[in-house]
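Across the two complexes that follow, chain A remains constant while its partner is chain B and subsequently chain C.
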Partner chain A sequence: MVKYIIKRLAMGIVTLFFLVTVTFFLTRLMPGSPFETDNISPAILASLEEHYGLDKPVEEQYVLYLRELLQGSLGISYKKSNVSVNDLIKDGFPVTLKLGLISFGIALVVGTVIGVWMSVTKSEAVRGWLLAGSTVFISIPGFVLAIVLMLVFGSELKVLPVIFDGSFASYILPVTALAVYPIAEVSRLVHSSYDDAMNQDYVTMARAKGISKKRVMFLHVLKNALLPLITVSGPMLAFQITGSFVVESIFTIPGIGKEFVNSVNNRDYTVIMGLTIFVGAIIILANLLSDIICAMVDPRIKLGKS
Partner chain B sequence: MLAKADYFKPIDPSLQNAEFIAVAPRGFWRDVWDRFKVNKRALIGLIVLAVIVLAAVIGPVLSPYPYDGMGTEINAKMSLKHWFGTDALGRDLFTRSLYGVRISLLVGFLTTFINMVVGVIYGGIAGYVGGKTDMIMMRIVDVIYAIPSLLYVILLMLIFGSNVGSIMLGMCISGWIGTSRMMRTQVIALKEREFVLAAYTEGASARRILLRHMLTNALSPLLVQATMAIPQAIFQEAFLSFIGMGISAPQASLGTLAQDARMYMTVYPHQMFCPVSIICIIIFALNFISEGLSEALDPTRRH
Partner chain C sequence: MRKIKELSKKLFAIGLSTVMLTSMAGCGSSSSSTQGNTDTSSGGAGSGSAEKVIVTADGELDGSLDPAGFALQSWNGFARLCSLPLISYDENGNVLYEAAESYEISDDQLTYTFHLREEAKWSDGSAVTAADFLNTIHRALDSETSGSVYADQLFVIEGAQEAYEGTGSMDAVQAIAEDDYTLVFHLAKPCAYFTKLLALPVYYPSKTGVAVSGTDWYKDPETCLCNGPYMLTEFVQDQYYTVEKNPYYFDADNVKIDKIINQTITDTQSVIAAYTSGEVDVASGLPDYIETQYADSDELYIWSMITTTAVMPNVNVEPLDNELVREAIALALDRSSICASMGTNYEPTYAWVPKYMTSNKGGGYFYDEVSHFSENAERAKELLAEAGYPEGEGFPTLTYTYPSNDKDAILAQAIQAQLKSVLNIDIQLEAQETEVYNTTKREGTFELLRYNWTADFTDPINYLALFTSDSALNFNGVSDEAYDEAIANSNNAATQEERNTYLHEAESILVDENFYIIPVSTMHYVGLRNPAITGVTYNDKGESNYRFADLTE
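And now, the complex of A and B:
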């Protein structure tokens, strides 16, 4: 077990290093100097480039960047010279995280309930409608849902605020927009794994021993049916974060998703680089955790082998 | 006891054909099609998709308006003349939507195809060779896969500019990994089977065994995966175009059209509604087809 965790941690560090390197060199490949658009004299341009260390050879810049990164600094914005990427993250990430975790939690609970319902219902019609509904909801892009919600509940009915201000009511629309897709995904996953678990021998065994049907269904089967959820929750969290890019910019939520979209539109290279590395690191960490938890919970997973 | 000639009599000629099968032999794909077409949702999905593809291919040719032609009628309502109305520059939105469908479908199908080919080759080699090579190849895959593809796409868009090519390139960087992992597992399982051993002892080359014997057996799950990957790619392109990082003007994808309409959303909701519903319809259709296909290919796995 310990060996497995160490191995996975080492993989995570290699991945992180790969991410930093790729991001760094790709950002250097981007055309033009980041300051060119500002209509400034060559002398000022040169001094600006010196200030940010852009006059040095690329390898040296890379080493410098790595050193700063190890000290926990993600660099300073090219566009706003008094703002560091760390500040942007410090301000924005709590908001994104809160939004992400709430919608993620709702998705897990609601998705599981619907998934189990799909499996245990005796009515073919109910199952059919739930399945069709989940197909409909995984077919609607997040930004479309966000806009429809905003138009209907914000602009037409005027029951919920369209601009985020941190109040409870202003959380409802963005959280819904973020949660619907994972709800549909989780419910389908739980449905199929629940069906698989129902056909296992231990279910017959437990029933034969006289354990009530309810207890078997909700204790024995559910516990096993939820295992695949742990595996997918890492990638799902990644989806939540990238999904927040668009939801945050639609509802003007001051999170890192909005900062990211802004920095891309402004071509603010250090911020793009810093946020890419940060988001990537979060996702690597999430995958790592879900793998380790999965290995701890499920002894069937051969340790050290994938 | 000696056998005499009259102990034997010729067999009734009609019985000589005892092993004759009255029903014409049915191929695997014929079976799949028969199972597919009883699934109403899947069949409707297929028809809808066919209509949309047809419209996207021949529609722009028949349309009286070019996709970037500006007119004097700006922000027109939906009418017989302009089916989806016109945008702020007087461009016919129906024609632009058809072009958008072309781009969406191109991105969806081409990236999926490239990813399938790369994934099959990579996963096939890793699984077939095995050992250290397999280990190293799979660790590389883990590293690439850990980074969300959206980040690759955004970085590449900034380098190569906002066009279809860089979107597709970005999606291909990590898009093939799911396929390669699946192909690898399939190959490892198939390696132990007798028909592969038979092919090997007959001197078939590794390439022939992989492509001819293993790929055909692994095709069903790969196909199902492909039908799920196409809507994902369309999703992602629409999403990128919507946040202003996709296809740039005057070309337009469905996502760009939605982005353009966002400013006037409350005044001219139809400009948003039309392209967005087309995206949803395409993805519906593809998802229903995918569901039907996975059931038809593997009838034991009902879902």
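And now, the complex of A and C:
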């Protein structure tokens, strides 16, 4: 197990290294300077490039960047004076993390409840509606939902704030926008795996042994039905806590998703690269974590033996 | 034994998930404020409380608030609230005395002497002195630390260019504090538009000893001292900043607004939503459909940009080296239909100096003082035939290079279609990413290029000086003696009236006679403003100023 984790971590670092190298050279391959604006004079441009070390050969810049990276520094923003990428992450990530964890938690609980409900309900109508609902919400992109929520509850009804300010009310719309897709995803997954589990022999066996239906449903079946959920929850968690780019922009949430969008719009290369590396590292870690939890819960899974 | 091991594994897993869940729950309940900015939701105009608060919204803004640093749009908005230059101009081009109460120009036009207001104070109560203006100038000229994109606009001062380039010392820069309240500029050569340059950040004051390059002084209200109507009280990078009435502003009695919050909202939809929900009072940079939607509303406000978009022909490339060909292209375009396809906020223009640039001699726009060329499809065909390409026969396919974005793509396609239908010539379109496009432009490796210039300062020379043969920003290889002479004459003119004549002569050579540049359109920004806000004034760039604004019920 420990060996496996070390191996996975090492693989993660290699992946990150490739990520760094590719993004670095891709951003440098493009001709032109990040400081180019219509009105800038060539002398000033040269002086700015020199200030940020962009006049050095690309290989030298790359080595410098790697050296900085090893010391934990992701570089300085080209477009915001005196702002390091580390600062941006330090300020933005807690906000993104909080929103992501809340919506992830809600998605797990609500999604599981709806999924089980779909499976155990005797009413075809209820199941039909729930299925239809989850199909609709799994197909609506988060940003569309975010805009609709903003227009309805912000602009029209004026009951909830459009601009995120950290108050409880301002969490409601973005969390909803972020949670709806995973709720639909979780409910469908739980529904299908729950149905599978219901048809297993051990259910009949347990019932035959005289264990109450409720106990079988919620203890025996649910436990097994949730296994696939753990597998998908790693990537899902990573997705939720690395920030929904668009939802953060729409609700003006000062998280890293919004920073990402801005840095792309402004062509702020160091910020784009720094955030890519950071997000990449989180995705790698989250996947590893979900694999480990999976192996712990399900003895049939042997890590590193597949 | 095996069972115990399994059990412990399971317990660990359950424990881990519990920890995760509780951490989420914790997040849910403790909604500690991330920005503590409750005014945005409760504020807004006409709230009836004693405190008058305006919330404005801007998109993501680049740069810093240091006038000697990387000062771009963000500085511009901030400076209009919190900083006073020496003098400025109102929308009609009249001088407003700000930090200076008077100024004189020597007879040889080489020395400008500004007398500062002794009653002008920084927001900590200390005096604004000539040294504070030099603090910005010297820091901007220190190429090691400045990062200022406007440093070259200081080069009119004797010794400034040498100091920036490292060939001269900072002490030799002829911007001199004669005493605390007398600031003198000795210019390298006459510069009839020098007072217009004072609107640039590098000519604004920054407190000596406090505003130091390479530090974050402008993010901290303690060190970000202001000499304007408002002063910084809170700054949160990329989210918002708050300014409040500055009690030390020399005209503080006339400032009626207590607090202005500038909220950063990047998403256009969100800005509109925040405006409709009443969370912000002023929203700017909105899409053109807002103009139609709010056409009859007193909430709509329009900011006519001092900008020109043009087609730049490379005059060193065949057949664009032929004046007849350039003129044919200029006359063939139907600008009204081009602008109509781009949006209601675009309008045709027939001159290089923007439509809404105030005249150097004051009173009205430079554009309106003379007549310009006019479109004529028939004449365009004749011109092309005269050039040796009747009905476009034998005309090579030219490439039109433009930066890759929606509006410029529409413009490019419209130009392509019109030149095909009127002149029967083929234009190949090449969209490039902004940096690539800028490099193409700078290196002059284009045939036809979308060219746009937005005014740095409000004098026609800002546009006309670009095309002198020694200009570093002359990208299409214009080299015309008559033009250079007209510009030189304008710089040496004794009066602004005389200078005005030379400037028009220069523009006529540039556009109407030679079509070195083919003007197409200008644009305005669309904004929404709570009608309860009154008393908004405008500067010579048409930008709103909330200095004497008020909130009515």
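General remarks:
Keep in mind that, in the parts below, the second predicted complex is superposed on the first by the 290 of 306 C-alpha atoms of A that agree within 3 Å, B and C clash if a C-alpha of one lies under 4 Å from a C-alpha of the other, contacts with A are read in each partner's own complex, and residues count from 1 in each chain.
We adopt the following convention: a contact is a pair of C-beta atoms (placed from the backbone, for glycine too) under 8 Å apart; a residue touches a chain by one contact, two chains touch by 3 or more.
Everything quoted here is computed from the prediction, not taken from an experiment.
In the superposed model, A:Ser155 makes contact with both chain B and chain C. Between chain B and chain C, the partner in contact with more residues of chain A is C. By the document's definition of touching, of the two partners only chain B reaches A:Leu26; chain C does not.
Using the contact criterion defined above for the overlaid structures, shared-chain residue A:Asn199 touches neither chain B nor chain C, since it reaches no partner.
Applying the stated contact rule after C-alpha superposition, one finds that A:Ser123 touches neither chain B nor chain C.
Of the two partner chains placed by the overlay, neither chain B nor chain C lies in contact with A:Gln71. Look at A:Ile140: by the touch rule set out above, it reaches chain B but stays clear of chain C. In the superposed pair of complexes, A:Thr276 makes contact with chain B only, with no contact to chain C. In the superposed model, A:Phe251 makes contact with chain C only, not with chain B. By the document's definition of touching, of the two partners only chain C reaches A:Asp91; chain B does not.
Residues 30-31, 147, 151, 155, 249, 261, 265, 267 of chain A are contacted both by chain B in one complex and by chain C in the other. Chain A meets chain C in the complex at residues 30-44, 47-48, 51, 79-83, 91, 95, 98, 101-102, 104-105, 147, 150-151, 154-155, 158, 161-171, 249-252, 254, 258-259, 261-262, 265-267, 293, 296-297, 299. Contacts from chain C toward chain A in the complex involve residues 6, 9-10, 12-13, 16-17, 20-21, 23-25, 27-28, 31-38, 40-41, 60, 62-64, 66, 69-70, 143-144, 146-152, 164-165, 214-216, 236-239, 263-267, 269-270, 272-274, 276-280, 433-439, 442, 452-454, 456, 472-473. Residue ranges on chain A touching chain B, taken from their complex, read 11-12, 14-15, 18-19, 22-23, 26-27, 29-31, 132, 135-136, 138-144, 147, 151, 155, 191-192, 238, 241-242, 245-246, 249, 261, 264-265, 267, 272, 276, 279-280, 283-284, 287, 306. Chain B makes touch with chain A in their complex at residues 41, 138-139, 142-144, 146-148, 150-151, 154-156, 158-159, 231, 235, 238-239, 242-245, 258, 262, 265-266, 269, 272, 276, 279-280, 283-284, 287-288, 291, 303.
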